[in-house]
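The letters A, B, C and D name the chains in turn, as written, and every chain counts its residues from 1.
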Amino acid sequence: MTGAAPVASGMPKASKVVSMRDAIARFVHDGDTVVIEGFTHLICFAAGHEIIRQKRRDLVLCRLTPDLIIDQLLAAGCARKLVFSWAGNPGVGSLHAFRRAVEAGNPPLEIEEYSHFGMVARFSAGAAHLPFWPLRDYKGTDLPDSNPRIAQVTCPYTGEQLAAVPALNPDVTIVHAQRADAEGNTQIWGLLGVQKEAAFASKHVIVVVEELVDTSVVRADPNRTLIPGMIVDAVVVEPWGAHPSYAQGHYDRDNDFYVAWENISRDEGSLQAYLETYVMSVEDRAGYLALHPGLTDRLAARARMCEGVNYGY
Amino acid sequence: MTGAAPVASGMPKASKVVSMRDAIARFVHDGDTVVIEGFTHLICFAAGHEIIRQKRRDLVLCRLTPDLIIDQLLAAGCARKLVFSWAGNPGVGSLHAFRRAVEAGNPPLEIEEYSHFGMVARFSAGAAHLPFWPLRDYKGTDLPDSNPRIAQVTCPYTGEQLAAVPALNPDVTIVHAQRADAEGNTQIWGLLGVQKEAAFASKHVIVVVEELVDTSVVRADPNRTLIPGMIVDAVVVEPWGAHPSYAQGHYDRDNDFYVAWENISRDEGSLQAYLETYVMSVEDRAGYLALHPGLTDRLAARARMCEGVNYGY
Amino acid sequence: MTVVASRELRDGEIVFVGIGLPNLACNLARATHAPALVLIYESGAVGALPERLPVSIGDPSLVTGSLMVTGMADIFQLFLQGGRIEVGFLGGAQIDKYGNINTTVVGDYAKPKVRLPGSGGAAEIATHAQRTVIISRLSTRAFPEAVDYITSPGNRGKGKSRREWGMPGAGPVKVITDRGVLCASDVDGEMELAALYPGVTTEDVTSRVGWKLRVRDSLEAVAPPSAEELRLLREVLDPGKLYLKGS
Amino acid sequence: MTVVASRELRDGEIVFVGIGLPNLACNLARATHAPALVLIYESGAVGALPERLPVSIGDPSLVTGSLMVTGMADIFQLFLQGGRIEVGFLGGAQIDKYGNINTTVVGDYAKPKVRLPGSGGAAEIATHAQRTVIISRLSTRAFPEAVDYITSPGNRGKGKSRREWGMPGAGPVKVITDRGVLCASDVDGEMELAALYPGVTTEDVTSRVGWKLRVRDSLEAVAPPSAEELRLLREVLDPGKLYLKGS
């Protein structure tokens, strides 16, 4: 140690960069409570596919919007329970594997249902290490009747009865992001969803990025950091890992695929054939992309750069 | 309306830009609950001075760290009550006007005291339209004994007793910022303090900026926006309005002045002389700056620009 | 229907936008009489100016060029629960006479005939928006006397009025359909036929509602879409008929 | 005292930094044995790398080049209450035998002899940090048997232990003074003399403590500051003696 300057360079700890295969093998176990968050934006399909490939079973999956990723995990038989607030194909219609499970018990699926605010509040409580979160909601609705975990809390000042939801503390949360450094300091722009709360609520966090950057990139704009490396266990570098979801500034949402999912998933056979071809028969994300020639040209984002700001003093 | 494109340009509403004098005259009244927030960073001294010049009385002032701004408002006789969590001269020592008021009743001052987390939680509750906010705090301390507004709430799941603080909903919150457009869409970087929560908790919001920018600047980087124009009543353009506090990217904190305040404020006469010279005898912020030759050269920030990010799709 | 919904919006209002026809109606209003409308989406985009018709409420075009993008905790706590939303649009598979909405299940919750997506943010929009407007095509199936499941509270539900429940917002003030407009009664919040589209009879509406629909003494006539409104919708806003299919 | 405090920090730890000597101690640790220390300030800076000695915990040099800057709600809810802080440093005008700290008033709260700043974030650091370390110069005035006011909870207060109160963190494990180090008893949390600085006698410490201080059977000898530690402090970290005045 030379002590040449009062400022050490913020010496990096050991890199947390691992392959998707290793990250899932290490942090997702049968029976775990697993969160893959991202509201329309930055949904990590690459992680979902790896969970399917590693044949995890009895997972409790929690997501505001199950989206196609959960339809695929359900069809692959990975889950025993789903905790959610809106289970549809956004802009298209139904999630058919989800509907088959709930309407016909094929396969059997336990559900625990909130509104979006309820799910956000559950993650917020988990992240803040509170046992519950208060909200003004659910009066005059049937949600508390169909979900007994929705409770009431009494305001100590007004005596008012407010709704309460219990903390949600997953075993692992998987967050897709535009960029992170090797320690997991993670920057996201565009829609932020509930990723920060889910990550802080979680025992383990896997960050999957479009781009691995030097710590100096993160430090140049610290207000852009959503998740600090100190709560991250693994960093996976997986460009295009969110497809058919999107990554602002990297690639557009593949709306055509969301529309196509209606026909793929309506029939269980064709859904299984999809999983066989695009998930089970490929090794990894590179293999998946190889099956989609032209995809990256079709969806690559145009440049719409913003200006930087001055952090000087 | 030509309908030439599905995108209108986001036609601006009427500008909210007014002078500091008009903003204070219109939104700060005798007896009001007034918040000037900013944690070390972006404390709007220009607004505090205008409140002193307009001789407001009986204000309830709320701030985590009263800082020199509140010491000045107290010495000027503007307040009847202070709600706070740390009343010192940061990095220096005491706030002497505050101490004279509390220790000797000169002038009389009612106080209501929390910890920082308690104040943050009060603003959070006010912003979220909840009557209280739960937190794990104050066990084994004397704070609830000296402040009966700190209460307890029972978790409906665990039966655990948590601390609770009541919502704080000020009449007006004044936020200093690096930039905003004429509608009050406000962007801040560097330390964010509790400004967002205070603004959302407030009936009225005055934003004071270093730089008035076109809405296109805000729209180019929407993740940087902390306060939306829809909750802002007035925009005041007042460069250097935070001195001796600072504005990241514009000017450094005037630590010398914070140190000098110790001697200025220790004696009531010299404090009153300070107020007479630097506040009452000047018309506005330009007049204040004219009394500080060399200040802007001494404290102007060096450039430390970050890169922009891509918002394309 | 989309045109009538767009006219519900006043210039400068702060509107919480759902996907589908509400989204189209808001963008039509912005292109006509309400250029200063502030569009807020539950995904986190505030003051969006989409350069294309967004397919979902999380579309990247809602982010680029918006006034603010924030997390969903802020959207629900500060904007919605904070009382900052002036009008919210809602739709649903079933709407009852008090404007209660079901987007959860057809049939029994535990053994549904049809499982619908669920609440999303609808329960809290219905609770907190200063007023809500419901958009739905008329049919006795969609307008039962009582919904199978109350996902989003209307003007009266489970035996109590909004006031008795202590709900912040005013609730659904109108139901805009493809044949006429129902308005909530000031007295008890029940939806009443208040306006008819050109060429539509009272019977055309009452026969498509699953309860004995009250009809106001004097019915307003809804002005037909202007040529400009139709042109904007068909040629500019939704040329691919993403939302307009069948309408 | 600063040097001894710096040695309390292990490389890679996540430390909540207060202003004054704790700040200097953390920066010394970072410059010597703990380069990967993560410094978190209540102002919102995470992983700060200040290029100058910050005068306050809200100094702009804590922002520039830090890993993350976030709002104070996140700092208190997610980082502190969330249990993410491994060690917190605290100081105070009065410290009692259980490590309760007073930074609020000398004398009676309603009629104080000396009004101090109050809690700031200290109450929650003392509650939530996995362990805390207290730094203070010895004097009978600063070390009374019971503090005038408990601002920040120690190992036992108001008749109950931390466990009985249900507090998350382990509480103050050490009090680092200018003459020796007190460590909390595993049995009842009372502070006991555990180590002496070179040339300091037991009596030098016990005579400066306002209660009958327990002395451990075998006292450790604190290694004196190395030349390098002193050089860093005096020439590099605090050449202007901003924090080192009088020490």
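The rule is simple: contacts are C-beta pairs under 8 Å (C-beta built on N, C-alpha and C of every residue); 3 or more make two chains touch, one makes a residue touch a chain.
These figures come from a predicted structure and were not determined experimentally.
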Revision key, fill the gap. Taking each chain's centre as the mean of its CA atoms, subunit B sits from subunit D at a distance in Å of 29
Revision key, fill the gap. Taking each chain's centre as the mean of its CA atoms, subunit C sits from subunit D at a distance in Å of 57
Check your understanding: Roughly how far is subunit B from subunit C, going centre to centre by Cα mean, in whole Å?
Key -> 39
**Study point:** Multi-chain contact sites of subunit A, meaning residues that touch two or more partners
**Key:** 129-130, 135-136, 160, 189-190, 192, 196, 220, 223, 246, 248, 252-253, 301, 304, 311-313
Review point. Which subunit C residues reach two or more other chains?
Key: 45, 60, 63-64, 69-70, 77, 81, 168
Review point. How would one label the connectivity among the chains shown: line, ring, star, complete, or other?
Key: other
Check your understanding: Can you list every touching chain pair?
Key -> A-B, A-C, A-D, B-C, B-D
**Study point:** subunit A contact footprint on subunit D (complex, rising order)
**Key:** 12, 14, 27, 30-33, 35-36, 38, 45-47, 49-53, 60-61, 63-70, 74, 77-78, 81-84, 168, 228, 231-232, 236-237
**Study point:** Of subunit A, residues touching subunit B in the complex
**Key:** 129-132, 134-136, 151-158, 160, 162, 164, 166, 178, 189-190, 192, 217, 220-221, 223-224, 246, 248-253, 301-313
Exercise for review: Flag every residue of subunit A that touches subunit C in the complex, lowest number first.
Suggested key: 39-41, 64-65, 84-88, 90-91, 94-95, 98-99, 102-103, 113-117, 120-121, 124, 135-143, 145-146, 160, 189-194, 196-197, 246, 248, 252-253, 255, 258, 301, 304
Exercise for review: Give every residue of subunit A touching subunit D within the complex, in rising order.
Suggested key: 1, 3, 5-13, 127-130, 185, 196, 200, 215, 218-220, 222-223, 225, 228-231, 311-313
Review point. Mind pulling up the subunit D residues that touch subunit B in the complex?
Key: 19, 42-45, 55-60, 63-64, 69-73, 76-77, 80-81, 100, 104, 109, 112-124, 127-128, 149-154, 157-158, 160, 162, 165-168
